[in-house]
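Before anything else, here's the structure in question.
Chain nomenclature is as follows: A, B and C, assigned in order of appearance, with residue numbering initiated at 1 for each chain independently.
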């Protein structure tokens, strides 16, 4: 029995290996998390843009197999924070920079460069069986502030309203809050009603709206599908209600649209610049259209 | 006592107990059945072994499988030696004193800490303080610490099951304490230790919350090449394709859930096979 | 040669002691590192307005970091799960330990083990694809993403813990107790109800406590099915947001050094302390049961 057991306890080499692993990884990472690894591009940020970013990454990877482009979501704030902390090279964002982010970057000794790469319209969606034909910006505001609790108050049926919002770290959440709830001001007392459901993604909003006749939600243009009904939005009660399309967003007649940004650390160079050039190329902008955002060119 | 009445009561009582058991068991079979039924069709060579394409709507889940494999391997390599040694200490060396009591309490608490709190801890210690970054090593160490209680408890039970007489014989032959543990106790506890290791592999493979901020990536075009890379992992991948990305074929979701569950269940079944064989031998 | 061996053994035994202490070390480390990041919350928000604040708007300026809705959300979901899981779990434990024929017992036990092994995210996935739409239609709710959906998921996740620990407690009741009761003419059922349950009670309570601990800290499944509305809940059939889901959903934000970031770590401290208290109590109960 004793002879069959290896003369050394199994624990010893395993422990040694574990310690070795620890040391190796610690040393391997000493160089800092930024661009130390050759030809690796980290893109992080907006969940709205994560599909777009991934489509770019896949297409770019076909042209440049040597460059490893990794795309992760988490929200615009996450991406910008990562850019400032040096854990990504490019931040995807569906909102502009905040003053405190510019300040944080300056404290680290660089300026963040912003680059508008596409446009996006925020679409208000309800269940296809909801008869509501149009809303004004003010109605939308009251709806998401929690003042309108039944669809009856918006000329609809006597159903309860279920509000669907994105999580707080989503650029779409912040844009909607500032643009709709606070009537375009970045500061203000208005917040989403606490009873609004915080959904982890635009897709989750789309799914819940598709199966819940009480629900109303918002998401980027790219998520429109026949399973949800798009509600045209009017600037005020005297203006016509406009449906979100590529044309109305480009012409800026649809009231809830926004630019989509890529942020980089200062002027891009090397593989970052090459990647940014690709995005602005016809091939890159075609991908914008294919993922159902609005190309800038 | 009225025997007939009591007999009826017993029947009723047992009926209620049976009902409770069925309410527990039937949904379990339902869930597993559903995932097998809907996931089986999605399985194919290319689903398992190719990279995701078209925003993960096509291709396969290979990087998530590889990532999970990495995480399991590294975290077990870290936790198994520590856990086994801790169990040896507790069962073979420790006296019944305050320190032992404190260790036991610590193990129980470690087992009870919320998985997302492990995630915070990993972020704070490994990712930020030790500057490992969001990486396999950060995630694996977090998972390793989380799974320690499983390894310690199962190893301890295995050690406890080794008859006292084995130790006495060894001591009487003049062996030192460590020699006794190594040659007379550990070999007999080996199947039990293996069981613990396998169970914790299952646990590590299935956890999501601890890896959210420590290692998991939404999408990576290439496989990780070193322990300081980020990685995709099966449970996080399932979360991502369930709640983040539109247009994923239903089969992909169920297929991923199937692979994850199959992995975990295979681990559990092999653990219980080892356990029952071992018991029979005795 | 002998000295060398002694020295080697000395080192090994010290290493083993060190590993024995590792659990303590890790628990302390967890607490210290949560504290390290979380304690800064006090710079922006007082303890009372953190724990008792009614609004959670973490990224507004100034942020409002009240976690009362989240605490109540966690408590509500947990309570709902416990009400369902504890009776079911104890009933099933008695059936498996005392009533089921041997072969059935093995099958049932492996079912419970399978349940224990199913990853949280898989249950959440099944919850959101099957349970949530079903609840909405079946109960005519405004939405199926409710505390109740979370409670159902959590009840299932707590069951294996409750069943296996209760079962151990039942099996640990000395056979003579039951045999004595049977010899006095009691039926098997009477013996269980009057005698066995008393012997097993501390263990069963501990099982329930550990189940509660499991439920309170559970993250993924809850986050996927409860709707995550940070509102003070009024009923089980409304959306709620739990402490765990808040961390998981928002930590990605992690603008390091922001009040939001500190607040999420502070929530981690709250969770850690609660689970500590629950596990301590359960452990005391279990040990008391054993000493008897």
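Throughout what follows, contacts are C-beta pairs under 8 Å (C-beta built on N, C-alpha and C of every residue); 3 or more make two chains touch, one makes a residue touch a chain.
Predicted model, so just to flag it, every value in this text is computed and none were measured.
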Check your understanding: By number of C-beta pairs in contact, which two chains lead?
Key -> B-C
Exercise for review: Compute the centre of every chain as the mean of its C-alpha atoms, then state which one is farthest from the centre of chain C.
Suggested key: A
Revision key, fill the gap. CA centroids of chain B and chain C: separation to the nearest Å works out as 16
Review point. How big is the gap, in whole Å, between where the Cα atoms of chain A centre and where those of chain C centre?
Key: 33
Point to revise | Touching two or more other chains - residue numbers and ranges from chain C | key: 12, 15, 224, 252, 254, 256
Check your understanding: Which chain A residues reach two or more other chains?
Key -> 12, 15, 73-74, 200
Exercise for review: Hunt down the residues of chain B that sit against at least two other chains at once, touch-wise.
Suggested key: 81-82, 85, 243
Point to revise | Residues on chain C engaged by chain B in the complex (per definition of touch) | key: 9, 12-13, 15-24, 26-27, 29-30, 33-34, 36-37, 87-92, 94-96, 99-100, 108, 110-115, 117-126, 128-130, 156, 159, 163, 185, 187-190, 192-193, 210, 213-214, 216-220, 224, 244, 247-248, 251-252, 254, 256, 264-265, 268, 271-272, 275-276, 278-280, 282-283
Review point. Okay, in this complex, where on chain A does chain C touch?
Key: 12, 15, 73-75, 77-78, 80-81, 85, 101, 104, 159-160, 162, 167-169, 174, 187, 191, 193-200, 208, 211-212, 214-215
Check your understanding: Tell me, which parts of chain B touch chain C in their complex?
Key -> 1, 6-7, 9-10, 13-14, 16-21, 23-25, 27-29, 31-32, 34-35, 81-83, 85-86, 88-90, 93-94, 102-121, 123-125, 128-129, 145, 148-149, 152, 176-179, 202, 205-209, 212-213, 235-236, 238-239, 242-243, 253, 257, 260-261, 264-265, 267-268, 272
Check your understanding: Quick one: in the complex, what on chain A touches chain B?
Key -> 1-2, 4-5, 9, 11-12, 14-15, 17-18, 21-22, 24-26, 28-30, 32-33, 47, 50-51, 54-55, 57-58, 61, 68-74, 87, 200-204, 206, 223, 225, 291
Check your understanding: Taking the complex as given, what residues does chain B use to touch chain A?
Key -> 53-56, 74, 77-78, 80-82, 84-85, 130-137, 141, 182-184, 186-188, 190, 217-222, 226-228, 230, 243-246
